[in-house]
Amino acid sequence: MAAAKNIDELSPAHKQVASHLQGKFGKRLLETSSFRGDLTYVVSPQDWLEVLTYCRDAEELRFDRLDSLLGNHFPEREDQPFEVIAHLVSIPHTTRIRIKTRLAEGETLPTVTGVWPSASFDERETWEMFGVVFEGHPNLTRLLTVPDFDGYPLRKDFPLQGRVGGRIRWNFKGEI
Amino acid sequence: MTQFIFLIIKAAIVFFFCVGLAAMLIWGERKYAGWMQSRLGPNYAGPMGVLQTFGDLAKLLRKEDVIPDTVDKPVFRAAPYLLWVPAALTMAVIPFGGMDAKIFGWRTDLVIANFDAGIVLFLAMGSLAVYGVVFAGWSSNSRWALIGALRSGAQMISYELSMGLSLVGVMILAGSMNLVQIVDYQSGAFWHWNFIPQLVGFVIFFIASIAELNRTPFDLPEAEQELVAGYMNEYTGMRWGIFMFSEYVNMIVMSAIMATLFFGGWRAPFESWNVIPGFLWLIAKMMGFIILYMWVRWSVPRYRYNQLMSLGWKILFPLALANLAVTALVVTVK
Amino acid sequence: MGLIDIIKKATFFEILQGMSVTGKYAASKKFTIEYPKEKSIPYPRFRGSQALLADPVTGELNCDACHLCETICPSQCITIESSETPDGKKSLDEFTIDLSRCVFCGFCEEVCPRAAIVMTANYELASYDKRDFILTKEWLIANAVHAHKELKGR
Amino acid sequence: MSAPLEEKVEQRTRPTLEELKERKARNRQRVSDNAEVMTISMGPHHPSTHGVFRMDLDLDGEVIVDVRPEVGNLHRGMEKLAESKTYHQIIPLTDRLHYVVSFSQNEGYCEAVEKLMGIEVPERAKYIRSMCHEMCRIANHIIWLGFLVMDLGAITFQQITFREREYIMDLWEMLTGARLTHSFARIGGVAKDIPDGFREKMAAALEVIPKRMAEYDRLIRNNRIFLARGKDVGIFTSEDCAAWRVTGPTLRAAGCPRDLRKDEPFAAYDQLDFNVCVEYEADVIARYVLRMNEIYESIKIIKQCLDEMPDGPVIAEDAFHVIPPKKDVLRSSAAMIQDFVQVFRGPQVPKGEVYKAVETSQGELAFYIVSDGSPKPQRLRITTPCFYHCQAMQPLLQGEMLADIVGIFCGVDVCLGSCDR
């Protein structure tokens, strides 16, 4: 499975990361690719938390910062239309890595807020924009849109025009 | 009877002088702040924008007077007046010139009330003014306003102490609490004035007076950047305008007291300059202090609440006590 | 903390120092441009409201109605209506810019292959009426008087 | 020019991580266990939240027990908007993230697109980009200082820092044609070469700004109130920064010399000589000192850029991805065809996904672009530093006093337009 494309493009630091992760997880890394020097791994949702935690804790990797965590929607892939993508940064080694997972509609993903607290807003945004539920998230509520917004706006099938939900209503006791 | 008519005339003159000066100061502060910020300040209404305050007044009077539903209405309405009426009363004890002055053939004292407890009146009225702030914050029934009122209560009570103590030195030197007699004590050229022996007292009084006036660096009750407007959060229109206005009335009173107690009141810096009427000297000194207040306000940041308290209780209060002790010792030894 | 520090603290040295700066500004020349009385002159690249340029000799509009500006416009504020003349050339019928949508990015000027639409120095666009923000072809041709000088000759 | 602040900085100590943690814990001690909590809502129209940020504050008297930051009042759906625009049309959109540093945003986006398309940017354009980045940095840091001191109570300061920023704004107007939203970077370079008279004006501005900064020093550098308000306030160690993805000056003020200009050079930074400024105390004062030092570094970089700038084109000659410069379009038919193709069809993009981060004056701004081969991005994610700075308000503010909210909030430099996207 782990067919590394263009692995020669990688910098020496990236090669070390790649070989280390290969050695540790082997076949559990479903796909490996590299494009314009970015190293990408795809893991299954069950391995998500384990791989990310390992990336942070292993002495050789030390990916101590979650640079961003986001979702993506590919309606043409019918079995697993959703992607959740994490970009990790290692400040001491100055390397970057991208780890992805693919999800089916309705499938949940364990939260990484316990590993990096900064994932909290990111996961909330991913949930409200794509409908990917993060299990164990302490406060999975709408972040950027209004609380009673209807639908998941960054999905490709979300209508571009018209008005969907999202009118602010409040009672005069201050609750929205 | 003539004395009574004179009293009313004097009171009216002083009152309108206060009100007019406060109106001008609102414009003046904006202009001066603009200059310090390399701006021009208000410049449209009238020459150099002097009519700005009256334009603002017209705007404020036309605005809707919103009284929120949840406020304690009588207290809410009364609070703005509580802030400035007591302060304005203090002007009664400020001497504007010599006793038994001759005006158009009539003889009168150039002071509204010449009585022995002048300083006590000033301190008492200063303490009353805190009620205006606390009532405003409490009756607003808003949390921001409440925090402002709480800060203000704590701050005014703490600084009143140092303020009162710093004045005791002056009282000991002059041997009186009557402001007329204190001015008499300072007769002569400027090296006879109280600010030289009482320099520490003056500095403490000045700092404490900034705190009493709620101006930067001690403007925590208002604290535009944190509490938005503090205790006057819920006020609109002319009621808010009265708060604004009372700040300047308080400033006038405070600088008049300071000029009287420490800088010889209506007396000229040199004996020969006394040909210029005394009240002009007093106004000149007041304007000096007012400009100093404004200058400080627009130049320094604001203290935090705990720093303000520790400054008041740990530095100013012991210093004021020490100043009092030293003054008492020196006077006794002499 | 040496003696000098204590003296500096007791005399409010650094606060007086700061006040000297503000005091200096109070007396020095002011930075303000009193806008309606005196106007700032924009630099030659300034991107004000658009104008349609005409050939200085023939007086014909430079615009060929190629729709490039309409296509590139990120906020889709340009609307062009064109028709074909009998000799096979496109002619411009209507050219409308919705100023309330325009973001003044200057892309229309940049992609125009004929230097027909340009950004001008005209920045006084405020109005009480929303209808004034729909710039018609006539308005845009008249606005050419504000065009930057080095563009007019092109 | 060496940084004149350096000798004054020496009195600053270099605390270890443990000492910083201890200081932070000391602030936290203000929170007592049996606190009587009053919840107040700060924002979204509070004047000191730099936009429309809202926090639910749990207060015990003046001490903050807990904070729940809420963002999204300025959400404009930029990522969704970008999916319906070609790569060229997104450039003006990126201006609107943060209007003070809009060039940095333009440039960050273009860097990402160039990485995706594999375009080599001409040297001259790289130097112009570096110079513009530093202009952004100077303008941003100067008004940051103004806002910080204004939030601490001295309003004059904000006005006079805006006056100095005006020099940079004039330069922007001269260079790009707009004062705030420049839309100056293009895919493959920059829109225009530097105009005549720009160097002289820039030299004059770079003369004035250090002089004015000496005046800022006299105004607040030693001011006892400013120091008291900033010392040991809002301590955020480098560990915290990594955990909460706080980047930029806040991270460098915590002793971590992380700067993408050095670590992952973009534009022409690999050819320029500059230092990464680091401070160690991790409080508001350290952030202030760090930013002031960075302004001096920026001035140095701009001078280098102007001196060493090579001649040549400012935009790549690449027929498939780049809108050709206007003067070519007017003269050559090939360029005109390229112009038409780029506008009507858009650039020809390979399939793939790239992630590119640049160092703006606030922190690390990253663009993640997924391309499916069409001229419009399949997904554009803008990872802005302010998004995480807003989130980090919770650990930053716990145990601090109510009055310090504004100082800390401004201290990490937050722009809500950039946060909400």
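Order as written gives the chain letters A, B, C and D; numbering starts at 1 within each chain.
One rule holds for everything that comes next: contacts are C-beta pairs under 8 Å (C-beta built on N, C-alpha and C of every residue); 3 or more make two chains touch, one makes a residue touch a chain.
These numbers were taken from a predicted model, which means no experiment stands behind them.
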- Give the identifier of the chain nearest to the protein's overall CA centre, each chain being represented by its own CA mean. D
- Query: CA centre of chain B versus CA centre of chain D: separation in Å?
  - Reply: 45
- Task: Could you tell me the distance, in whole angstrom, between the mean C-alpha positions of chain C and chain D?
- Result: 25
- chain A to chain B: how many Å between their CA centres? 62
- Query: So how far apart, in whole Å, are chain B and chain C when each is placed at the average of its C-alpha atoms?
  - Reply: 50
- Query: Where does chain A touch two or more other chains at once, residue-wise?
  - Reply: none
- Hey, what residues on chain D touch two or more of the other chains? 156, 160, 163, 219-220, 223, 225
- Would you mind listing the residues of chain B that make contact with two or more other chains? 36-39, 298-300
- Chain pairs in touch? A-D, B-C, B-D, C-D
- Message: List the residues on chain D that touch chain C in their complex, please.
- Response: 85, 88-93, 95, 156, 160, 163, 166, 170, 173-178, 181, 183, 191-192, 195, 215, 218-225, 323, 326, 329-330, 336, 339-340, 342-344
- Query: Quick one: in the complex, what on chain A touches chain D?
  - Reply: 35-36, 38, 40, 64-68, 70, 72-73, 85, 87, 91, 94, 96, 98, 116-118, 120-121, 142-145, 153-154, 158, 160, 174
- Query: Contact residues on chain B for chain D in the complex?
  - Reply: 33, 36-39, 143-144, 147, 216-217, 219-220, 223-226, 228, 298-307
- Item | Parts of chain D lying in touch with chain B, wherever the complex brings them together | 38, 40, 46-48, 59, 62, 149-156, 159-160, 163, 219-220, 223, 225-226, 228-229, 401-406
- Task: In the complex, go through chain C and note every residue touching chain B.
- Result: 15, 18-19, 21-23, 25-28, 30-32, 34
